[in-house]
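In the two assemblies presented below, subunit A is common to both, partnered first by subunit B and then by subunit C.
This part shows the complex of A and B:
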C-alpha cells in the first residue's frame, strides 16, 4: 500500500509540466555541490552556506521576475537598471532624512511605473519587447544617475539602521532576513503563477497569443501584470543592494537582466514563452550562485568564472533540447496525424 | 520495353551542386515515359513506433509511375507518418524501402530529395518574406560568379511556373499571395528538385473549388509526364476526378489497396472506419423557437458590409460562400475580435455591446475559430489548460484561485463527451492528431452555458468519423435550444446539416435559402454574385 502511494506521488511530480529539465539541472546542481565540497571542505561550512544563500537571493528574485515575463513570450531588459534605480532612489531619499518606510514606498511606486510603461509599450504600442525594454533600460539607468546629480550617495545614515537590519544584517530563526524575503516572494509568485487565473493567462498568452485572446483573455492587462511582477522583483533587489552597501551606487544591478535570463533559462523557462516553472528558476539561480561561490573558493580567477557560467547556460539548454528530441538542433516535427 | 534505370548514374540524380534546369527534368521524364506503370516506390513491412504509440505496424505500400494514388485513413491512421518516413523526415524501425528498385537504407530528407521524392506538407512551409523565386530555389540557389543571381532564378522560376500553367509573378513576395497561390508555389518548388514522387498532404484543405480545379489540371499534367503522386485527403468527393488507386490505412495497419474505379465511396469509408457509417449527415428536426440573435446593419472593414440576419433557437444556420467572402471576418466582428464600424447585435431582445471577445463570452456568444493552430489551441499547454482557459471564470473562486478538482472534472467530462483519444489530460495539446486537436478546440467552448455557438470551418482537415461526431454535437446544441451558426466551405455539409443557409459574397449577404429548396447550383450562383463594381475591381 505504502509503496504504491509513493509511486503515485512520484508519478504526479513527474507529470508536472516542465519537471523534466528541473530534474536534469537538479542532478547537475547536486554534482556541482559535491565537486566543490571535495575541492574545498569549507564550501559546506555553516558560514559559507549562509553566505551562499545570501548570494543566491537577489539572483533568484530577479530570476522570478524575468521568468514571469519570459513565460508570456516577452523579455525584460530593464531589470538591471530598475535595480539600480531602486537602489539610488531609496538611498537618496534616506540620506535626505526621509523615513525609510516612506522612502521604500516611493521607490516601489517609481519601479512599478517602469513596469507599467514596459507593459504598455509592448502590448498597447506593439513594440517588440526587446526594443521597448532596451529603451526603458537606458531610461531607468539615466534616472538612477540623475537622482543624486550623477554621484553615488553617501552613507544612508543612522536613521536607516532598521532598514539595513531588515534587509541585510538581521536574522530570523537563524537565517538572514534576505533569505526569508526571497522565500516569501517565491511562494507568493509561484502560487500566483501555478494556481490562479492570472497565472494561467500568463502561460496562455505566451503559448499562443491569438488563441488566448479568442478565449477571452485580456492580453493587455496580463502583459502588464507580468512586467509589474518583474519590476517589483527588481525593486526588492535594489532595496537589498542599498541595505547591503549602506549607500546608493549608480551602477548597482549592472547586467542583472542577463543574469536573470540565465537563471530562468538554466531552470527550463523557454525564451519563446509558454513553458517553464519557478522551481526551475530556483535551481537555475542556485547553480549560478554555487558556481560563483565555489569557483571563488577553488581559487579560479574572474575570467574563468565567467567562461564557466557561459558554458553552463549553453549546455543546460542544449541538454534539455537533446533530452526532449533525442537529437541536438533537430527541428520539432509535427506529431502523428 | 522496360529499361531499368539506375538513379545514381542518371544526370538528373547526380548532385554536383549544379542546378538542374527544367528542360533537363523534362528530358528525363521523356525518357521515363518508357517505363510508365513501373513500381517506383515499394515499401515493405515497415513499422514505426513513437513513445507509447505504435504508429505503423507492418505496413506495405507501393506506387507506380504515372499514377495518382490516394492514401486514405482516419486521423491518426498513420498516413502522415508513412509519408514522413518515405520523405526521410522520420526513420523507420524495421522493414525495407525500395525506390526505383533499389533498397534504400538510412533515408534522410536530403537523400530523399536526391532520389526525387518531394513532399508538400499540410501546413505550408514557405518563407513569407522572400519572393516566389527565392522560395522555389531555397537551398539550391542559382549562382553566377559566386554570387546569387536573382535574375537567373526569376527566369528559371518563370519557366517552371509557366510549364505548370500557373500565373504568378516570380518576383512577388510570398506573404502577399493567397493561400492557394502559395500552394501552387510549393508545388513548383517540389518540381524544381526534379521530383519523380510527389506526396501531397491535404493539398485542397485551404482551396476554393475553382482553385481545386486548377490544382487537378496540374496533377493530371504531372501524371502524364510520369510522376507518381501520393494524394492524402479527407475530401472523398474530390477523389474521383484524379485518383487511379486507393490505399487505405487504419490504426497504423495496412487495410486494402484497390483500383479506384472498381470500388465505391461506401466501401472506402467502411474500410477506413472499420464499420459502416449510416448517415454521413445526421439530421434532427426541432421546432423553431424564439429569436435569439439578431444582427443589424453590421459593418466592419471592407469584408463585412451591411450584414443583417436573425438566428432562432433550435436551428442551425449555415453560412456558405467562397473563400474570402468575408464569412470569417463576420464571425470575428460578431465575437468582438475585430472592431466594428457600425451595427447592432441583439441577443434575446436586448442590445449587447461587444468590444472584445470577453464581452461576447460573458453574454453567451462563443466562437470556435477557423484556424486551430493559430487561433484555437495553445499547443505548448496541456489539454487540461486548454479546455480550462475560456472557462476560468467558472473554475475560479472569488480571489481568482483555480480549483484543481473542478478543472479536472470539467476536462475529463469534455474528453468523454467528445471521445477525444489521448494518453492523459496532462499531455501537450500539440501532440494530438489533427482531429483530436479540433475536438479539444470545440470542447473548450461547450463547457459553459451559451446562447449562440459559432462554428467556423469546424470539420476542416478531419476524418469522416470525427466529422460526424462534430455534426452530432451541433445537433445536440440545437436540441438544447442553442442557436448554432455554421460556417463551411464544403457545400454538401452545409446543405446536409443546416436548416437555413445564408450565402455570402464579397462581404455581403447575397442570398438566403431554406435547405429543402437549396441546390449546389443556387448556392454557387449566390456565392459568385459580385456586384459589377467589385467584379471589375477583381478582374483588373
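This part shows the complex of A and C:
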C-alpha cells in the first residue's frame, strides 16, 4: 500500500511537463559538485556554499525572467541592459542624495516601462522578438550611459548602507539577504506560472499561439505580462549589482541576457516555447554558478571554464532535441514561410 | 532567373563600390599632400593662422567608463585650450572590444583626423586599421597603451614597473601585518589588454623567491561585480593578499575584503572616488595611481608639435605612477 503510494507520487512528479530534463540535469549537477569537492575540499566548506548561493542568485533571478519570456515562445535580449539601466539609475539617484527607497521605486518604474515597450513591440506591432528586444537592449544600455552623463557614478555613500545590506551584504537567519530575495521571487513567480490562470495562458501562447487566441486567451496582455516579469527580474539584479559594488557601472549586466538564456535552456526551458519549469532554471543557474566558482578553486584557467559552459549548453539542448524527436512532433515546423 | 539577374547586378554594384572606395582613399592621400602644402604656404603670411592650421585631433580610448579615460580627456582638453588651434574630439567604444575600437579609428579617419591619440586595446588587433590611417596621413600617438604599429611617441605608464611597485607594496603590507607566507590572488581584466597583462607580470616578478604562492590569474572583465565574486572565492580559498589590475577589479577586491573578517592585504590599480573611499576605510592598502591627465596633456602637445613638423623628442615617455595610501 505504502509502496504504491510512493510510486504514485513518483509518477505524478515525472508527469509534470519538462521534469525529465530537470532530473537529467540535476544528476549532472550533482556529479559536477562531487568532482569539484574532490578536487578541492574547500568547495564544500560552509563559507563557500554561502558564497556560492549568493553568486548564483543574480543568474537565477534573470533566468526566471528569461524563462517566462521563452515559455511564451519569445526571447528577451534586453535583460542585461536593463540590469545596467537599473544599476545606473538607482546609483545616480542615491549619489544625488535621493532616499534609497524612492530611488528604488523610480528605478522599478523605469524598468517596467522597458518591459511594457518590449511587450507592445512584440505582441501589438508584431515585430520578431529577437529584433524588438535587440533594439530595446541598445536603448536601455544607452539610457544606462546617459543617466550620469556617460560616467560611472562615484560611491553611493554611507547613507545607502541600509540599501547595500538589504540587497546583498546583510544576513537574515544565517543566510545572505540576496539569497532570501531570490528565494522569495522564485516562490512567487513559480506559483504564478504553475498555479494561476495567467501562468497557464503563458504556456498556452507558447505552445500554439493561434489555438490559444481562438480559445479566448488575451495574447497581447499575456505577452506583456511575461515581459514585465522579465523586466522586474532584471531590475532586481541591477539593484543587487549596485548594492554589491557600491557604485553605478554603465556596463553592469553586460552579456547577462546570454547567461539568462543559458540558465533557462540548461534547465530544460525550450526556446521554441510552451515547455519548461522554473525548477529547471534553478538547476541551470546553479550549474552556471558552480562552474564559475568550482573551476576557480580547481585552479583552472578561464578559457577552460568558457569551453565547459559552452559544451554544457549545447549538450543540454541536444538532449532536449533528442527527447523531442523521439516523440511525434506536435508543433508546426515553420509557420512563417 | 530573376534572382540570378539580381545577384549579378548586386555583385557588380559591390565591385563598383570597392573600386570607388579605393579611388577615394587615393584622393584623400592626395588632399592630404595639398593641405600640407597649404600649411607651409600659410605660415609666412600669418594673417589667418587659425583657419589655416586648425588641426583635427581625436582621442580614442578603450571605453568611456573608467574615470581614467575621463582624466586623459581632461588633460587633452587642457592642452587644447592652451594651444588654441585644435579641433578636439573624444571617441570610444561603449565596452572594451577590439572590433569596436577599430571602428572608432576608421570613423576618426573618415572624420578628417590629422592626428589620433590612441589607447590601444591590444598590441595587434588595431595595427591594420592604424596602417590605413597612417596611409591617409594621420599622425599616430599612443597614450596609456601602445599597439605594435610604430608611432610618433608613446606616453604611458611603464606598467610592468608599476606592477612591480604594487607587488613590493603588498609584500611590505603583508610583512607589517606579520604574514610571511600564503596564497596571493590576482584579479585581472582579460588576457588581451597589454597594459594590465604587463602590470600582472611586474606584480608577479616582485614575488620571485618569496615564500608566497601566486595563484592562477582570474579575469573579471573589469566588471566590479564579477571581480567581487572572484575575490570572494580567493578569500574562501585562504588568500592573504589580492591584487586588482584595474579600476573595476580594485573596487571588486575592496568590497570582498570589506566583507571578510580575515586580514587580507588588497593592492589595486587606478584611482576613482570609490577606490579612494575603500582606501580611506582601510579595506585596500594602497592603489597605483597613474597620471592620465599627464598622458592626455603631453600627448596633445606632442600631437601639436608633430603637426607643426617640430621635434617631438623621445619615442616613449614614462608618465609614472604615484602610490596612494590612506
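Keep this in mind: the second predicted complex is superposed on the first by the 322 of 337 C-alpha atoms of A that agree within 3 Å, B and C clash if a C-alpha of one lies under 4 Å from a C-alpha of the other, contacts with A are read in each partner's own complex, and residues count from 1 in each chain.
By definition in this document, a residue touches a chain if its C-beta (ideal position, glycine included) is under 8 Å from a C-beta of that chain, and two chains touch if they have at least 3 such contacts.
All values derive from a computational prediction rather than experimental measurement.
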Clash-or-fit label for the pair subunit B, subunit C on subunit A: fit
Partner chain in contact with A:169 - subunit B first, subunit C second, else both or neither: second
Touched partner set for A:195, first subunit B, second subunit C, both or neither: first
Touching partner for A:252 - first (subunit B), second (subunit C), both, neither: second
Which of subunit B and subunit C A:274 touches, first, second, both or neither: first
Superposed arrangement, angle subtended at the Cα centre of subunit A by subunit B and subunit C, nearest 10 degrees: 120
Which superposed partner A:218 touches (first subunit B, second subunit C, both, neither): first
After superposition on chain A, the shortest CA separation from subunit B to subunit C (Å): 6
Residues of subunit B defined as touching subunit A within the complex: 50, 53, 55, 75-76, 78-81, 84, 89-90, 121-123, 335, 337, 356-358, 360-362, 367, 369, 374-382, 385, 388-390, 392-393, 396, 399-402, 424, 426, 430-434, 444
Partner subunit C, residues of subunit A touching it in the complex: 40, 42, 45, 47-48, 51, 55, 58, 141, 145, 150-152, 154-155, 169, 241, 244-247, 249-252, 254, 292-293, 296-297, 299-302
Complex contacts: residues of subunit C adjacent to subunit A: 63-67, 70, 94-95, 191, 215-216, 218-219, 221-225, 228-230, 232-234, 236-238, 248, 251-252, 255, 259, 272-274, 277
In the complex, subunit A residues that touch subunit B: 15, 17, 195-201, 203-204, 206-208, 210-218, 270, 274-275, 333-337
